[in-house]
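Okay, so here's the structure we're looking at.
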Amino acid sequence: MDEKEVGSSPGTLVYTGTMSHEVDGCLYHYREDMLRETPFAGSLPALDAVPDCTAWLVVHGVHDLAMVKQLGARFQLHPLVMEDLVNPVQRMKIEEYDDYLFIVLKWLVRNESGDWETEQLGLILHDQWCVLFLEEASDLLEPLLRRLRKKNSALRKRGPDYLVYAIVDLVVDHYMESVEELSEDLETLEDTLMDPDAAPLDDLKELQNSAQTIKRNLRAMKDLNNAILRVDLPVIQDGTQLYFRDVHDHALQCLDQVESVQESINNALNFYHSMISLRLNEVMKFLTMMGSIFIPLTFIAGIYGMNFQEMPELKWRYGYPAAMALMALVSIGILMYFKRKKWL
Amino acid sequence: MDEKEVGSSPGTLVYTGTMSHEVDGCLYHYREDMLRETPFAGSLPALDAVPDCTAWLVVHGVHDLAMVKQLGARFQLHPLVMEDLVNPVQRMKIEEYDDYLFIVLKWLVRNESGDWETEQLGLILHDQWCVLFLEEASDLLEPLLRRLRKKNSALRKRGPDYLVYAIVDLVVDHYMESVEELSEDLETLEDTLMDPDAAPLDDLKELQNSAQTIKRNLRAMKDLNNAILRVDLPVIQDGTQLYFRDVHDHALQCLDQVESVQESINNALNFYHSMISLRLNEVMKFLTMMGSIFIPLTFIAGIYGMNFQEMPELKWRYGYPAAMALMALVSIGILMYFKRKKWL
Amino acid sequence: MDEKEVGSSPGTLVYTGTMSHEVDGCLYHYREDMLRETPFAGSLPALDAVPDCTAWLVVHGVHDLAMVKQLGARFQLHPLVMEDLVNPVQRMKIEEYDDYLFIVLKWLVRNESGDWETEQLGLILHDQWCVLFLEEASDLLEPLLRRLRKKNSALRKRGPDYLVYAIVDLVVDHYMESVEELSEDLETLEDTLMDPDAAPLDDLKELQNSAQTIKRNLRAMKDLNNAILRVDLPVIQDGTQLYFRDVHDHALQCLDQVESVQESINNALNFYHSMISLRLNEVMKFLTMMGSIFIPLTFIAGIYGMNFQEMPELKWRYGYPAAMALMALVSIGILMYFKRKKWL
Amino acid sequence: MDEKEVGSSPGTLVYTGTMSHEVDGCLYHYREDMLRETPFAGSLPALDAVPDCTAWLVVHGVHDLAMVKQLGARFQLHPLVMEDLVNPVQRMKIEEYDDYLFIVLKWLVRNESGDWETEQLGLILHDQWCVLFLEEASDLLEPLLRRLRKKNSALRKRGPDYLVYAIVDLVVDHYMESVEELSEDLETLEDTLMDPDAAPLDDLKELQNSAQTIKRNLRAMKDLNNAILRVDLPVIQDGTQLYFRDVHDHALQCLDQVESVQESINNALNFYHSMISLRLNEVMKFLTMMGSIFIPLTFIAGIYGMNFQEMPELKWRYGYPAAMALMALVSIGILMYFKRKKWL
Amino acid sequence: MDEKEVGSSPGTLVYTGTMSHEVDGCLYHYREDMLRETPFAGSLPALDAVPDCTAWLVVHGVHDLAMVKQLGARFQLHPLVMEDLVNPVQRMKIEEYDDYLFIVLKWLVRNESGDWETEQLGLILHDQWCVLFLEEASDLLEPLLRRLRKKNSALRKRGPDYLVYAIVDLVVDHYMESVEELSEDLETLEDTLMDPDAAPLDDLKELQNSAQTIKRNLRAMKDLNNAILRVDLPVIQDGTQLYFRDVHDHALQCLDQVESVQESINNALNFYHSMISLRLNEVMKFLTMMGSIFIPLTFIAGIYGMNFQEMPELKWRYGYPAAMALMALVSIGILMYFKRKKWL
């Protein structure tokens, strides 16, 4: 990742992500009875408004700074907005400007080692336009496109504010699915906890880290939705507010669930620690019992293995059985001590 | 559970629960001096209003999407409400719409492995109508029906808002009972803590998980009640507000109690860990004492068991008693060291 | 405890406590220059107002449902208030009704096993009347009665709102005393922590549970006082507000103190755990030293105790001293290793 | 400490501290160009106002109840204020009365065992008068007196509200110094953590308790300052508000610092625990290695030390070297197992 | 560090830092088309305003009290402001005075042992003037100077409020970079956790302390930015508010990240502890197995090494093989017990 220089001027466009593919995308013009798709690659298509149509521009990649500047000029974006667009390390947030709304979302993607990472979505809602910046093309948008291509779908009947809602809803649905997966991973892990050699410790740590990432992002999502619901934004129509309330609900429920997963991970870890301690106890009790019984006996045997010339017991008729009886007595005594201590 | 597709259109009716029985239920029309019960199965009865009567429709099952759509049309429900009704994974909540109130409740049911799970109740309060969706028929509703069938009961004298209160109260009472059970389970467990072999660890983890589930739901219940008490909802009459304040009190008290149970579980776990550590200490002290005394003695015996030709002590007249005395001295010295260290 | 049935009608009077004695009590009429005491048992005395007098009715027992209903009729109590009165498991709270104030307090009593439990006080403040319901007669009220019987006491000079304050103050004073006791119990326990065999673990757990109970109740008391101070209740005169501010202060200070006790308990527990670990370390170091020195020596002795016909060392002139020297060397080497590892 | 009786009348003056010296003090009348000091002992001096002067009465001791009553009468103090003055267990707080302000402060004194305890300062700000009650005479007031005796000092130029500020500032400065000391004590302790025998556990517990005491008091100080800054108190002039903002800053910073010390203590404790565990591991690995190698070897030696008549190996020409070789092989095998397990 | 005397007069200028170099600095006058730099050392340059220009005075060192007093007189600073300027232990804060804004910032510097410490920046925003006090000259300001020297930069086009923003932004960027470093240090450490001998415990403790320092400062930064955004400060123009909102975002994001690092450190520590416990278990299981098998065998060998005259087994034809077989049986039995216990 290119590090942005400390102290660089605000609005300095330096791409700080890791993508380098050619930027492409698609421009959608739609109304209830019409949908026109204009794919593009390398350079932007003409950005003219079509009367009575909602225009949705999807851009796959934020590293083409020239393109971002061109869009910034077209939609009169503030330099700080453009800076945030190309800097995919923002927190989810919503910012109201005079003519447009700027929203940053993060969705979850699994990296190659299976951990959850986040990718940034930048959203501009401006009159009849919705501009969506992705870091790269993603399957995650597919369901939305399917709904868009279906004539008479709610999406087609309503304006760009509903489209923004649909995108936020998509993101929240995806978090919900991820939390579900997390929860299933945990249940799988819990079954192996009884077996200390399976050592799922590393996996539990991974789960903890993933749950943290998800929770942190859901908290930002909650703030974002709260901001939408509390402020009366002119670009969002009254009927659409209900939808944002719904997505807010889902986000809260998802937050609830991920916190529940976190608590369960902690419970599982504590349980595991107790298991290890218990097992150590058991092992040590066994060693103690074996040692405590046989070490004294061996000592007694050692006594009568000494080679002193004058050891009267050695010449006794019943010396050997007597020694064996002594040993038996000693071991019974120790076993009784164990019983009394409840170690057996 | 059928997973709802990520990114599906809001208002898409996809049942995500696990029930598949035929949907039945009952329609109640009542006023102080009258009660008419109209059971139904498979399809809805006529939903006409009876003058001066409160109408209560109970539906056992939310998986009959056609029926839900029919009710949605009859009561002009928002698509998002219908989506939540058939999707029994909502958080408890209350939503105010222009003509009706939508409430989601969860009650606790024990699954076959004895853990607490939640089942969703969907409630529509609309003019003289109260529509209640359950996932399946449940005994839990019985006490309410008994009160309804009693002429002159408070329930019969009052309108649908009071019925809603009665349902919320029923749910809270049920949480209270569950917390009571939890608390008793914990007390039973605490008695076994002194015995590490009883190993109640697994049960304690189950208790922790149950307490979490209950607490999470009670928190949502608290938010729900707060919303009812703070907002002046036209569908809820002033006299009924007092009742909601009462049920709010009970929810708070129940929350208090479940938090108390959680703290007690944690105290019990800590106590248990200390117990294990103490016991390990005791066991190891015993092994150390046995080992420390007898290993050196065995060594001395080993010396005089060596077969060197030139070992003058072996020929001494009192070699054997001298060796025994030496051993006695060594063991007394070690015992004194233990005494000084307070290990004995 | 009789369990109240789940889903029973609100206002259903079912006593859920454990008392069964005959209900008695006393009715006090007082003004600055007069005090009339009317004890009663089994049935209520006449509840007529005496001009210019404050009337205080103390009832010992809430299980006589007929009596509670009679009082409910006399003071026009809401069914929910009567339900709470006979149900001694409420949280401390204050409820404002049109004509009266309803307050629930809890005070602490030690049960036979020495743990803190709470008993409920129900308070009705209605015009010139104060009605106090106790679960049973209690010495704790004595100081208040002494003040009441003293002519010219502040209590006698002021109205029923001041009496309510005096009761709340009495309860808070009692919490304060209990926290003091808790704190002393902890100090006594702390002195035994250095001695692991004294095993004060069980007592520490008891202290934790008691501190939790007290803290939970003090938090409810804080809410109660806040409610009195924030709302301008007509039944409470302006001059009396200052007194409630004072009792609020005391409750806050007491809460501070009980939290301090809780933190100290936790510190003590951690200290204790470290102590156990340290002691285990010491014990194991000793065993390791004894074992590491004498096990190899015993092995060497074992070698020369073997009975092979061809063992040249056995026939050496100085074989025995040589073997002893070898053993000395080995043990010195191991001791040096220990020194280097700082285990000695 | 005399315990105040539970349920005693509010405003009952019972001294609950431990002081018993004769109460003395000093009365200061000052303005920019004048300072008159009137020391007193046993009984109060005349409390007349001097025109244009600020009057500061310092009383060393709150156990002379007659004197407190005399002052209460002179300044028309509320009985609850007088009660708090003689009861040195209050939380820091500020109370506004019609004619005066009542402030309770606590400063820190080290008791004979080196722990931090608090002593109460009671402050009355009344017209031109500031009355300060200390539990006993204290050097801590010296810097303030020095400034007072310096002509033209800010203190001399300004009124009694500034004097109150100066006293609060003095107290906060003293907390800051104490936190500094705490922080230094911790750094000294941290250096000994690597040496488990130094056993600084007890000292860490003392630090924890001291940090708690300081934090609890600083939180009350924060509330107190917030109250002064939020409410527009007539007795505090506008120019003096700035000074209270400054002292509030210092209190917040100090709180920050003490919380940082608390976190560091916890980190240190965790570190220490890990150290102990690591050391136990090391010790046990050594014992395990010694035991695992020499116990089997001793067994082999034991075999050939048996006295069976028929043991062909004993008569072999190279029996002894063969046995030694077997032992070497066994020990090499075990060492290799250790290496593979990374225990070496 | 010179300690400021407890109870010293507010506004007393006592430098409490550790710097002693000669104070120098630079005075910048700039507008879009002009930049004049006036370096100075030892004494201040003339502080005249240049029409239409922003004046920025950077002072390297706050220990020259005469110079601070001179500036205090020139800009009519409150004594408390001057006190805070020379006392570099303030919390980050913003204070509004009638004519100027006073801001305290802290930035992070690594001390010689590699830990993060903070250095104070004092900022006065007064009409066209911005005065910046550093504890010493620093490279960290370089990027800002580069932007200042670039004609037509945003910095040159805008007034002193934008300069203040630029400085705050610089500080936040620097925190962000430090958190990034922290996060990388943690990842490096995590790789060594599997190897208990690498003992990264000390480094983890250092990381914890650094994360705490950063978090504490970022929290103060958050409060500071909140204060700027909430209050409508006349000295900050409306267009500049947007920039402060941006820097606030960055601070929040950075706080998010440092909290994430803290949680990960805790997870890592827990993981490490579990690792140590697991390893101890494994070691002890091995010792227990070796001991449990060979100690009984050695005892049997010891029996037949006794020198009793009457030991019939010794004379048996197959005594030796029988004894060996007995030993084999015993060890197989013990191994089977281990298997059953799942210790193998």
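When the chains are written out, they are named A, B, C, D and E in that same order, and each has its own residue count from 1.
Keep in mind that, in the parts below, a contact is a pair of C-beta atoms (placed from the backbone, for glycine too) under 8 Å apart; a residue touches a chain by one contact, two chains touch by 3 or more.
This one's a predicted model, so the numbers in the text were calculated from it and none came from an experiment.
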Hop count on the shortest chain-contact route linking subunit A and subunit D comes to 2
Going by the stated contact rule, which chains contact subunit D and subunit E alike? none
Over half of interface residue numbers shared between subunit A and subunit B means same, under half means different, so which is it? different
Hey, how far is the Cα centre of subunit C from the one of subunit E, in Å? 41
Distance-wise, how many Å sit between the C-alpha centres of subunit C and subunit D, to the nearest whole number? 25
Mind pulling the residue numbers of subunit D that touch at least two other chains? 277, 280, 284, 287, 291, 295, 298, 302, 305-307, 311
Overall pattern in which the protein chains touch one another (line/ring/star/complete/other): ring
Quick one: ring order starting at subunit A, direction subunit B? A, B, C, D, E
Listed in rising order, subunit B residues that touch subunit C in their complex are 140, 142-144, 147, 153-155, 165-166, 169-170, 173-174, 176-177, 180, 242-243, 245-246, 249, 252-253, 256, 259-260, 263-264, 267-268, 270-271, 274-275, 277-278, 280-281, 284-285, 287-288, 291-292, 295-296, 298-299, 302-303, 305-311, 341, 343
Complex interface listing, subunit D residues touching subunit C: 3-11, 78, 80, 83-84, 89-91, 93, 95, 196, 199, 201-202, 205, 208-209, 212-213, 216, 220, 269, 272-273, 276-277, 279-280, 282-284, 286-287, 290-291, 294-295, 297-298, 301-302, 304-307, 311, 313-320, 323-324
